[in-house]
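Next come two complexes, and both contain chain A; in the first it sits with chain B, in the second with chain C.
Then we have the complex of A and B:
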């Protein structure tokens, strides 16, 4: 997994690429820390470059959502396609993560 | 330069103790050299020093009681230092034994030969005492550190193996599976393999009143000790609500009620639970985000809808029962996601479509009752021996004589 953050007007856009799996645990938590240190009110996760996400990866998105609720910013998950889209659909997590 | 007792071993008092208590074998045919090296080592704080006059004696002493390091002269009558080094390196028992070679002539060719014979390091004669001490200390430290890491690793490994065995013991045992098969007139084909780390897969099957059997598969997100411990938690929790077993949605809901407050954030279980009437083929099932189970018939494959919020995330996941009917030729096949997500030899994952293609191909061949083992044989042909996650695959095949 790789990601790029760009922040503009308190909106952080994070563009992911590669696979998001259990082994990305540490770097994902680092990402959440980075977000926490910035004055954001909205975060957009762009998943259009992600090929696959496993259940641990979905768990990390849930942690992001929880952090959003606690810190008072909005999370939006966009661009999911292929395997990622079907995982989000199968687990009904798309609605849960967005908002 | 004064020789100080050896205390440069960092902050680890245990390591200092081990290093200074190390058994050092000094091998030299000249009494004066043995004496000089021995004195240097005792001044450095070493107490356990033994001596050998030649290579032959050295090998015998090593055989009788292995030292922690050998300081070896090269030119000795009968068995030379080179031969000692070669003999030791040919024996796996002495793999980690440091051999510090001392020699007077020091050409580049000789150095190459010394290392080729298996020496760990080299000091030149005349002996520079602080240098000798520094090298002895460094090699002993390395040896003890590697030893303690190796011990630690072996202990962790054996604990993981034990934990994996315990986890495996949560799965249905062969006698109970046979009993279910006998009572229900079905064939249960199951496969489970733990990943190299601990994982979080679980499946189970039980007989229910009214000619029914219940079958569930679940996969706890992530792996490692946390996921494995939660597998035990889920297993224990499930035993609590026997009465909900005939109603899949209720079963998932009750499990969810208990797990939501106890699962840490980001952890959850994807699950599928079905209640099948083995006489009529009527089936009620509910899903919580498990990979879509397949119903495999003579004419092909259809998918069941296992969509649902995984267990352990939200308080009101809204699980619903879905009705289905297995025809007399149809098998139910459930599996965990690693089967479609593990990279194939081409680097791509198989995916659901890829797996369906495999299943249809295998189902067209004779022998439905070993369909899963044929599928997995094919899967493992393209896999390294260790999987990134647990693999579970379970199928209920109809006994075609029974269900009419």
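Then we have the complex of A and C:
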């Protein structure tokens, strides 16, 4: 998994590419650390470049959302398609991650 | 018969010599004519009686038939209602499930299943989140473990120094000879200590490695918990949703059909009530038949009045019922009526007997008479009237609204 962060007006846009699965947990944690170091009140996860998400990936999204709640910023997930979109719909995470 | 009298008149005129003879023959001719009129009046009286009885039978037939039909239609209405109720119950039952002490509707069942499914999904997510949190916590532990390892390394480093120092001290002590003997002992002790610390450090390292391995194992186990391929669940959820939708659609179709059936049932009821109301024609028919009978009575009375006068004036003897003359008249009537054989017998019996009580007509007899074109109710389509093979049976059994033209 790879990601690119661009921040503007306290809004961080993160573009992902690759898969978001268990084996990417170290990178994802690093991302959360990177976000925590910046003053943001909103983060947008762009998943258009993501092919595959497993339950671990979804668990990590939930961890991100927890961090958002604690730190006081909003999390929005956009651009999901195909398998990823189905997963988000099935688990009703799409509603949850609509900040 | 008339011809005979004409000839007799002619003969009388030819052979009459005097005016009084002419006058007498004229009188006898007139008397003969009057006599024949009186006979005809008598026969017409019997005819009227026959017709009157016939009308009575018709009235009775109509009354009985309308009663029977009315009863049948009421029964039909009742059955239609029951059928409609039955269908209503079936549809209701089809969309309910009985669970002993509770009854569930289809939407409730579907809702429950969806809830259960979603709960399952939620549990999986919860598990995944917790597992990943654990992974991160373990990562932090590993950091600390690494620090511990580092520190152990430091201990070992320090120990190495200590050992070297002790070695150096031993060498100096030996060089000092006896004066350094005590110092040499201390140096030995320090070296021993150092070795002890070394083995403790080794043991520590072993334990920490074990901890590290344990954490690695935990990591692996968490991976197997947290990373589930949920595409199977996705497919299942889709399929379940399709099944639910199909069930809901089917239920809706049932309800639609039920509503349509109820409507048809109402229409049927309404139509049949209209039919039952139409049977009221029977009253009107009865009235008209009564009118006919009254008119016939009036006509007969007119004739009877005149006949009585004639009897008084001419002194002609009253007519006997069973005479041959009357029978001849009856034959004439029958000859001119287009009646079938059976009806002929019936009519003859009516005309020759004084009472009419032993003649009965059932609907079956009427129905089976294939020679008759019985037109009970007004005009029938010309095509049906002309087709003699179309028996009265079919007319009476296949009762259609078009055939009733009383008004």
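Heads up, the rule we're going with is that the second predicted complex is superposed on the first by the 99 of 99 C-alpha atoms of A that agree within 3 Å, B and C clash if a C-alpha of one lies under 4 Å from a C-alpha of the other, contacts with A are read in each partner's own complex, and residues count from 1 in each chain.
Throughout what follows, contacts are C-beta pairs under 8 Å (C-beta built on N, C-alpha and C of every residue); 3 or more make two chains touch, one makes a residue touch a chain.
Remember, it's a predicted structure, so these values are computed and weren't measured experimentally.
> Based on the superposition on chain A, does the combination of chain B and chain C result in a clash or a fit?
clash
> Regarding the shared-chain residue A:63, is it in contact with chain B (first), chain C (second), both, or neither?
Once the two structures are laid over each other on A, A:63 reaches both partners.
> Could you say whether A:54 touches chain B, chain C, both of them, or neither, answering first, second, both or neither?
A:54 sits against chain B and chain C alike.
> Taking the two structures together, which residues of chain A meet both chain B and chain C?
Overlap of chain B and chain C footprints on chain A: residues 21-22, 25, 54-56, 58-60, 62-63, 66, 83, 86, 90-93.
> In their complex, what parts of chain A are in touch with chain B?
Counting only chain A, the residues touching chain B are 21-22, 25, 52, 54-56, 58-60, 62-63, 66, 83, 86, 89-93, 96.
> Could you pull out which chain A residues touch chain C in their complex?
21-22, 25-26, 29, 54-56, 58-60, 62-63, 66, 83, 86-87, 90-93
> Within the complex, which stretch of chain B touches chain A?
219, 221-223, 265-268, 270, 289, 291-292, 306-310, 313-314, 337, 341, 349, 351-352, 388-389
> Quick one: which bits of chain C touch chain A in the complex? Just the residue numbers, please.
Touch list, chain C to chain A: 118, 121-122, 124-125, 127-133, 135-136, 139, 223, 226-231, 233-234, 237.
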